[in-house]
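Below are two complexes that have chain A in common, paired first with chain B and then with chain C.
Showing the complex of A and B:
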């Protein structure tokens, strides 16, 4: 981070505190990821996890058969998927909040998730393959976003209330379509697939899925990070951004395209995992301030850590695995409520 | 250099034009004050010149990049002051580029020039109204603009800060040949720093010319619908023009 730009909030302006926050953000995902490899129905001590990993990389003696299978074939792709999807969803949420100049929007609130859910449900209904699933989630996620965007514009601007309400309307519409597809689905074949997919889970994680997720998320995240300064300028509002010499519409569309691609790939591999894109950027903003130069990477790191933690909870909280979407909402909704009260007390209301 | 020819603007579904047949020419390095009662189209005219509103008819020609200091300060996210000022560099940076050391140096110079370099590391949300206005002017200066537009730059400020902002406007016009256009409800501010004034009396009724001519007593009285007196104040060997509104008796 540039030393000459300390846009930190509250008491976090001391350089020492700032460095500590960044150290924690950078360490959290790998440390939590590593620990998570030992967590589950078949608990493994860290030493065995490391041996198994070493074996996978071909640098250590052969590990016990079962341990290495559990770590390398089941848990590693799952943990990596959670890290990547969490980072993607959080950074997408942060970028979305920036370009809509509103800390209350998230992929879920503006209809992208619902559109993507319908696309995915439709693909599963037609028993399509993984890449079709991804294509459908992306296409319908984008479609939902476009409809919301066009709906909410009044006099060339998208007031926050209109935006959120349009998101609710479009979300409700696509939710109804999801219900329709679910209703029509074959109860012995596609119905369970759709229902479990919709609830969200990394349980079916695999290396091909991970590869697909990475192939979309990495370029998407890279694009958003490259656009960080433009997102700052866009967050000033259309008129100011235009007066500063920015091509507002094309730039915003580029951001939205990246956000939709990232969200859709997350939805494709893990189903509907809500609230991450809304809650995590909030927390990240409290830690490093609103400047997207710092906020985007911080959101990605915090999102990765958050998602792995929630997935650990999903795997271990009860004897049966809990759906991820249910947990992120159960954790995210109250947390967001608290943040909302806090922020309201401090001043932003739009 | 600004040339406006037969400009007309009308809001969608509005029965009348906001303004019409408006023409003016402002040479480089001059200061123009736009005055008029509320709702007469000062801000709209400013936004037309900035290219933010499309005029219904007429043409606007502006030589050189423009900078803009809006009336209200965006506050959804409060960035650091230096970070705010460096956003002025946006037009010089490619789509995927972020400001580099050179841009930050330019931003710091803009702050220093307005003598607010000490604010660089503050959060823009913690600033007073006067400080914010100065930061916004610094942002415009950092964009290397040749024409600076300001929407009521002094309206939210106390007298001391009004004086500072006006001095800055006069200074940048004199020293760097920057053309400055600002809207105002204070004719005395126009008389103090502007070379030219544009008084928006009515739809097609506007006066443009040297500030002292356009803002004489009959014109000001007509503009605001109450008696306005021009006065001269002697202070420290200087004679300064000012304007006194004669408010209705209570």
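Showing the complex of A and C:
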């Protein structure tokens, strides 16, 4: 049913509200990113931050050496990594929730995070380099996904309930393997590296890591955005999707592959940062509605802004670095509980 | 099935039958405050805390009483100078404990020890299985000079090597007094800012207030910018925080096998630090044990650090001190090459003032 005139919200017409929301979503990541360059443990006046940034872009004279080191080598790669990883994890979560038609689904729930965590822990256990770390997180994330795929098929189809339950089983299995690796790791050498990585942090941000993150996340996000119409159809349910002429299984697995790649690259550079893919799509859904054409880009933008904010907190709140995964869970879990209660009566609860 | 009580009674009878009666029982108080009684000097000792094996080796002047130890104690010993002094250590079993310091009680029982050292700060789960099996357990805790002195005293008493233990304590006293006489009244302004990295490669973790590292940084005439009142003992920090502190000297731990000062010099984020610019990044030496935590060779560590922090005052003949100390600690004479290795001359070469530790340097 369509109203003849758009309803009024707070004295504004709905399209006006909508464009305001979009303007805010588009502006938030760059504005927060720029502001984040101005904060940190090392006190730097804003003018020096801007000069250093200008120097990095080649549009201003050179800044004091210390300022340019802090801004260009420490803060900039870290802020960019947080923006990209946040966008990737959030859009991956939104896509997952769409294809599984379940707002509780995240990379954790289908076992991908645990698989990737095991791959990463194993790579660190073997003292491997960054590219091996990425390869291992992706491979084991994918392996978890394939096992879930094989487990969950019933009569040639994979019902959502079976998928999610298989995800729980596979997740538990890989979590046990992570525990085994940490148990066997040398407490002087590899164990601290694994424990620290499992808690999540952008503290080791660098341009090579950023390049690697971009190389995987950008194509992954592009693929998800390209599939947004199909994700819309999938979110109606398998029967309806088939009736509308979508090849349900191949499409679903293509989405899952993109989600795995994005999650693995995020995990490889920043460790296990949970809850972003679960909470941010919910917030985005409240802002722009459940249509994936809008929801996917909105999730990416909101995820970038959210991650950069949380990371600012992690690196500036105390002299100590706070573990990112702990912060995202402490912020995310209660927020998610609240959202669940509020949204219980509408939309997703079927 | 025999109950634990029966088992322990059986083990007790076994112990009685093999020991020559309770002629001169020894009574010690462990670091949990429990009284532990031994039939006589302990001759078969199992050590589960990692630094305890080298401490026993020092107290006894050799590894003869060491019946079993933690696998990481063993790898540290075999890779270090004590493995070179006492190659027979390679045959001492190290299967008595898994990760997390949980003892393998049956493996410990099979060694028939008359004393087992175990950590006292990890809760009862790692201790009670040993006591339930009828083994004599003394617990130790760690981290301060007082506790380290407690180790020496207790282990000296338990082995009957009280004179050796007293000499080790006197050595600590006299070295402390010597260094305090030189550094004690240095004003804050004359003390370089020193950071100790407990971790560098996996994360950057520095030691804060109340740590042993903080103790010897202050002792040797430095000050630790991370030791702010109320701050945590161990702090994971980022590069920006390091720049705000701007350490003038950086000390690297001896625990991370792949770590060397080159990792600090090669890190572009840290290039602006005073310690990097003036080439004052040092890896802590590794003697009979790593010198960073409290150990039997701590006086040598304090001397080394005093020389590193205040080369203008450093009139100590450290290489000679090592030779003298090893003679009465272990009954061994290290070669010049071995002393180079202990002082990590290769890794620390090029560091400011490190020539003073070279073999040709005049004391």
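Definition applied: the second predicted complex is superposed on the first by the 311 of 350 C-alpha atoms of A that agree within 3 Å, B and C clash if a C-alpha of one lies under 4 Å from a C-alpha of the other, contacts with A are read in each partner's own complex, and residues count from 1 in each chain.
Keep in mind that, in the parts below, a contact is a pair of C-beta atoms (placed from the backbone, for glycine too) under 8 Å apart; a residue touches a chain by one contact, two chains touch by 3 or more.
None of these values were measured; they are calculated from a predicted model.
**Student:** Look at A:293 in the shared chain and tell me whether it touches chain B only, chain C only, both, or neither; answer first, second, both or neither.
**Tutor:** First partner only.
**Student:** Of the partners chain B and chain C, which touch A:73 in the superposed model: first, second, both, neither?
**Tutor:** A:73 contacts chain C only, not chain B.
**Student:** Once the shared chain is lined up, is A:193 touching chain B (first), chain C (second), both, or neither of them?
**Tutor:** Only chain C is touched by A:193; chain B is not.
**Student:** May I ask you to decide whether A:137 touches chain B, chain C, both, or neither, giving the answer as first, second, both or neither?
**Tutor:** Neither partner.
**Student:** With both complexes overlaid on chain A, does A:55 touch chain B (first), chain C (second), both or neither?
**Tutor:** The answer is neither, since A:55 touches no partner chain.
**Student:** Once chain A of both complexes is superposed, is A:113 in touch with chain B (first), chain C (second), both, or neither?
**Tutor:** neither
**Student:** Who wins on chain A residues touched, chain B or chain C?
**Tutor:** B
**Student:** Which chain A residues contact chain B in one complex and chain C in the other?
**Tutor:** Chain A residues touching both partners: none found.
**Student:** Can you tell me which positions in chain C touch chain A when the two form their complex?
**Tutor:** For chain C paired with chain A, touching residues are 72, 99-100, 199, 201-205, 226, 228, 231-232, 235-241, 243-244, 255-258, 268-269, 271-272.
**Student:** State the interface residues of chain A toward chain B in the complex, per the touch definition above.
**Tutor:** Residues in contact with chain B: 2, 4-7, 9, 98, 101-103, 226-230, 232-233, 235-237, 239-246, 251, 254, 285, 289-291, 293, 348, 350.
**Student:** Any idea which chain B residues touch chain A in the complex?
**Tutor:** 47, 50-52, 65-68, 70, 74-80, 82-83, 87-88, 90-93, 95-99, 104, 120-121, 123, 143
**Student:** Once bound in the complex, which stretches of chain A touch chain C?
**Tutor:** For this pair, the touching residues of chain A are 40-43, 65-66, 69-70, 73-75, 127, 183-184, 186-189, 192-193, 196-197, 201, 203-204, 315, 319-321.
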